[in-house]
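Paired with chain B in one complex and with chain C in the other, chain A is shared by the two complexes that follow.
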Partner chain A sequence: MTVTRHEPSPLEVGPPPGAPARRPRRRAPLSARYVAGRLATALVAVWAVFTLVFFSLLATGNPAQLLVAPDAPPGELERITALMGFDRPPLEQYATFLGRVVTGDLPDSIRYDESPLALVAERLPASITLGLTGLLLGTLLGAAAGYLGATARRPLLRRLPLSLLTALDAIPSFFLGILLIFVFAIVLRSLPATGGGTLAHLVLPALTLAVVVAAPVGRIFRTALLDVAELDHVRTARSKGIAPAAVTARHVVANALPPVLNVLGVQAGMVLGGAIVTEALFGWPGLGQLSVSALNNRDYPLVLACVCVIAIGFVLVNLAVDLLAALLDPRNRR
Partner chain B sequence: MSVITTSTDAVTAAPARRRPVYGIVGSVVVVAVAVLTIAAPLVAPHDPLAQDLTGLLRPPSAVHPFGTDELGRDVLSRVLHGGRVALGVSLVATVLSAVLGVGLGVVAALGGRYWDATLGRLADVQLAVPGILLALVVLAFAGSGTVALVVVLALGSWVLNFRIARVHATFVAAQPFIEAARLAGASTVEVVRRHVVPALGPLVLVAATLTFSTVLLLESSLGFLGLGVQPPTPDWGQMVASGQAQLAGAWWVSIFPGAALVVVIVGVQLAGDRLAERFSTAGRADE
Partner chain C sequence: MTGGHPLLEVTDLRTRIKEADVVDGVSLTVGRGETVGLVGESGSGKTLTALSVVGLLPRAARVVGGRVALDGQDLLALTDKRRRAMLAADVGVIFQNPTVALNPRLTVGAQLREALPAGLRRDRAGARRRVLELLDQVGIARGAERLTAYPHEFSGGLNQRIMIAIAIARSPRLLVADEPTTALDVSVQAQVLDLLDTLRADLGLGVLLVTHDVGVVADRADRVAVMHAGRIVEQATTAEVLERPAHERTRSLLANVPRLDDPAPPPVAAGGRPVLEVRGAVRQFRSGGGAPIRAVGGVDLVLHPGQALGLVGESGSGKTTLARLVVGLDRPTEGTVLHDGDDPHTLDRAGRARWRRRVQYVFQDPYGSLDPRLTVDRIIGEPIELSGTPAERRARRERIEELLAEVDLPASFAARQPDQLSGGQRQRVAIARALALDPTLVVADEPVSALDLSVQATILALLRRLRETRGLTYVVISHDLAVIKGLCTDVAVMQGGRIVERGPTEEVLGRPEHPYTASLLAAVPGRRLAGPAVVPTSA
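So, the complex of A and B:
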């Protein structure tokens, strides 16, 4: 009896039979060190905002003056000062302040007589809706313009969308918003100028935010598409006979996306900052409008809560984008 | 064949450099606006603060080329005078931002690893705080004077200058002529003053055009929110905001100051692009 040995054909891929199935090597996609580093920067950023707020408060002299109603009885100022501990040494105040901010134990809003965090939480969904819509709309517009800029055969189609976005981007957000209101709400009477609640109210503010995102996304996407299209692996894919549409989708567009993500990270922050202006402009009932009206009413506990929440949101968005970018492209893991 | 390959030929065939005419147009616009705003008291047809309650919200005419606002003030005169404030504040803030950024950038590049790491972290943290938020906090709590405004604007924009200066100063410091200067007995301060900072000049100038746009944008946004230059002093952002309520009946109150803002921003960007090509730096910093 002869034992026939199994001869693996040279074309056969995979482990020889009988060998224990090789487990694919599993590694955490991101090193703990990288994630910890990003988290540390994020925490320091939030702490820096809180510290800045504290010293700005200290610079006003006695912050209790901001908390006391102008028509309060005499003695109220002293009472609040003692109550809030504004007569303590600065370092002790700083510790108390940080403790209050971290636990969310802020004094009640002066205007609404309510916990400022509750007010902020009430407004947060509207802000997130507007921000995400603007970001999504801007990404789609920018990606479309960038794709056309890289692929369209007609020179006009190739240049016009990107040039238009770049031109719109040169207009400050608040003025672009004014122009949009003028054209769509006043001349054409097709959309409401200000307010919130309905889908029609969302269009103009979202469009204003979208332009901020669309122009850089479009420019980067176009450049990335052109760069990737010249790479060897694309030529190989094409010479293997893969359908042109599949080459474009899987090999060109897919590899042109990571740079877009990086830009989105920067722009997501801009959208958050821009949302303050845009919400105030369009009367969108979100966090930005709340903080501006709180500023105008000198409602300092509310301003404090808004600033802290916006700062935390901004830092979280940046953190998420950084981690996502590192996940997609190891070159970002520095 | 994929459409993408066909288009690359066309793109590489396209001229890589923009024609200088854009840069010239940009520079002319910037100089013209600068001259007009500096000479505002001479060229403005009316007093920017003079109210005329018998002529509220008049449309553009020969007497008032840009019309009048809700208090009957001449919009053209207010746009000219408003430019003095908006551009002046932005210019001072840009210079401050450049000095701060270049100073810290040189320290980070030449001051050893400790300074480099510390300042780099500081820049990261600064970038993690949106400029407008920083401005809101400081201006809301610490008061909205011109000095506070300039400081806030500079703080919101120094990181770009810092990063550019840091990278380039590191590069310059590694050049043989720096070594030669050191061998000739030059101290670090002398090397920085005579060799490193002059070498940074062109780059900083290009970065300054970008910084100026950013700062002007922030300044006018703050003005729009009512936190920038306070009335009655005219300011472009603040004028756009005050005209918003009248947009339906009197578009000119908002549109003219806003248009002035756009003209300056586009002009500065075109001039900056031209400068960048002139010094053949590798693209603008945001791309």
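So, the complex of A and C:
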């Protein structure tokens, strides 16, 4: 649905009193054209990632060399290379690769002799659980710290939470994770250090991820709140005589959300791809751990599948961010 | 209850920012059905006075003394909550820039509903009826269809009507309007002021009209208070203030208003090769899916050395797009723009470098157009470093001193940064920068509209003098016809991307032939400023 611009005629008068008032049309919150446009952009982004991944793998040399034992008879390398199609022209390989990606028919994992997609699918739920918990926890912590930072009356309350988060964020994840393990698993013995499966196992890795999310979210939210509070339309809202709390909720907080959403989009990507360290540290049975072992084993089909799934996740998250941002701010709907 | 009290009575009001009393003992009254104009230059404290009255001061400012009585009840003596309730019930506020004064995220309908009295807000059908009634009252037709629209889908004038509807939603008795029409075109300005007048008469409102525009006050206010440095220096009926200004500040304020009855510079005979030739210029922009927008639709212009052309028209008429084509910041979709016979877009590297020195641009906002990190020396010297000859680069220092002297700034200013300069001084720096390479053509887009009247007058005098001493050719864009009158030998009136009338300034503004020119002239405020001479003879 396109937006119609109402231009007033120079000396407009209202309808005569008593003229039947027409009901306003209900507008769809997002136009189909906008959603379609965003979807198309997302598809192009995914294609670009696949292409980039493919050509970077191609540039690292002939994978067949890794499959052939060092003491194999001469000719064996050529045989494997031809068997796997690595001697074809790059563009032909690319076409085959794209076809296989579209049909989901990737070559089997070299180490596990299984479809890499099945392996990824098996690990994906654990990663999503960890990622979402970390993201949610981090958003809540960050939003609370940011809100306090912008509105609290006491200087201590205004500064302490954000400073604390920033300080924690400055500690690298692997070290923060070890600290957490030391305190909660070794000294207090209240939470398990590694492994997965139970809620208790989730706490420490999720906290480690949450800190990475919370600090930028808190900083951006605080700045956005302070900026929006200075805007003219907030003064207009105050002039209407509605309760200060209503002004804050409807006109300040709601209008300060879009920049936070953008940060969350970036952070969600970090959590998706960057959870590798955290997962490895806490022995969390997710995608990150799978990627690390696939890389160690030079299991190219599996690496490819992991990278692609992470990339698709990143694109999907950003698609969601764009759509949400348009819902929050009508000026973004183009 | 209404007894002998005026509607609003402000006594000895003091408002402080840090240690400075920015409102320093202001006393004024507004009666029922009366419009009181509060005028002054920027920084005089007029807006802070208004915001103190309505309790909407920015965080840094606070009221430290005095009385603000509404119908005899001192607002400052009430608790926060009671004061808010009383202000909400009895005082409506209208702000300067309607497009940013409305929440971009909420529909117009939602923002109107929010302004209703709390009781009515909860009754859906009743609230809807009242909102439509309000839209009707402020002259917005088909109100029901517009409730689901967002502010960015409306023009500035329409948004200001929405703002006014919000201000009168709780049936206030006092309306405080802070520069209500400053951001609007003259014709829209006249409509909005008419609307305020009608509401004042119909609803018996008292109106406190805060503005820098002496013309607006002259036309609309019953009484005028003139502010300077936080104090009211003169307060009397409008006629008295205009005819017998008692205070020196009032006199200088009136003297600096650019007037349509001032003489225009005499026409310059066409001679020699044209500095600028625009032939059949069209500039189209693609719009989202719809037909392309023709911002400039076939313009022909010839400008000879020494001429100064004023481009006038309302926002959206294509003035700025045409100016961008003229300085080569943009290319026409069709047609050509020639400078001294050359098309800058077909020149080779050396030719382009030479051309770039001949054409310069002066922007509207001296606050935004100067890099805040650079010194004045760097700002003026930049074009010399980038496009100057080696000899010019060696003489850079002396050249900058000369340029500063030419725009009446002391040489010591070279070391300053933009935030150490006033608005007028910044615009002088911007002009010096434009002159650094001795251009032949200077394009100025609203060169004085961001400045106070007194500063405006000095910058206009400077621009006039530079045209005479340097023989410059100007293209000046302004929404203010009086500014054009004082500066330009010729005028071109633009409407819908076309030039509808063109000729020597005295003729076009004195005896307009096109009805659009006449309507622009008729909408100019300030008719009461100078008697019948201001009114165009055939409008």
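Operating definition for what follows: the second predicted complex is superposed on the first by the 255 of 334 C-alpha atoms of A that agree within 3 Å, B and C clash if a C-alpha of one lies under 4 Å from a C-alpha of the other, contacts with A are read in each partner's own complex, and residues count from 1 in each chain.
The definition used in the following text is that a contact is a pair of C-beta atoms (placed from the backbone, for glycine too) under 8 Å apart; a residue touches a chain by one contact, two chains touch by 3 or more.
Everything numeric in this text was worked out from a predicted model, so none of it was measured.
Contacts of A:L226 after superposition: chain B is touched, whereas chain C is not reached.
When the two complexes are overlaid on their common chain A, residue A:Y300 makes contact with chain B while staying clear of chain C. When the two structures are aligned on the shared chain, A:R238 is found in touch with chain B and with chain C. Touch criterion met: A:N255 reaches chain C, while chain B stays clear of it.
Once the two complexes are overlaid on the shared chain, A:D329 sits against chain C while remaining clear of chain B. Counting residues of chain A touched by each partner, chain B versus chain C, the larger count belongs to B.
With the contact threshold set out at the top, residues 230, 238 of chain A are in contact with chain B in one structure and with chain C in the other. By the touch criterion given at the top, residues 54, 56, 58, 84-85, 87-89, 92-93, 95-97, 100-106, 109, 114-115, 132, 135-137, 139-150, 152-155, 157-158, 161, 163, 166-167, 169-170, 187, 191, 288-290 of chain C touch chain A in their complex.
In the complex of the two chains, the chain A residues touching chain C come out as 2-15, 17, 21-27, 33, 230-233, 235-242, 250-251, 254-255, 328-331, 334.
Within the complex, the chain A residues that touch chain B are 41-42, 44-45, 48-49, 52-53, 56-57, 59-60, 150-153, 155, 158, 170-175, 178-179, 181-182, 186, 193, 216, 219-220, 223, 225-226, 229-230, 238, 244, 247-248, 252, 269-270, 272-274, 276-277, 280-281, 291-292, 295-296, 300, 303, 307, 310-311, 314-315, 318. The touching residues of chain B, when paired with chain A in their complex, are 1-8, 10-11, 121, 124-125, 128-134, 136-138, 140-143, 217, 220-221, 224-227, 237, 240-241, 243-244, 247-248, 251, 254-255, 258, 261-262, 265-266, 269, 286-287.
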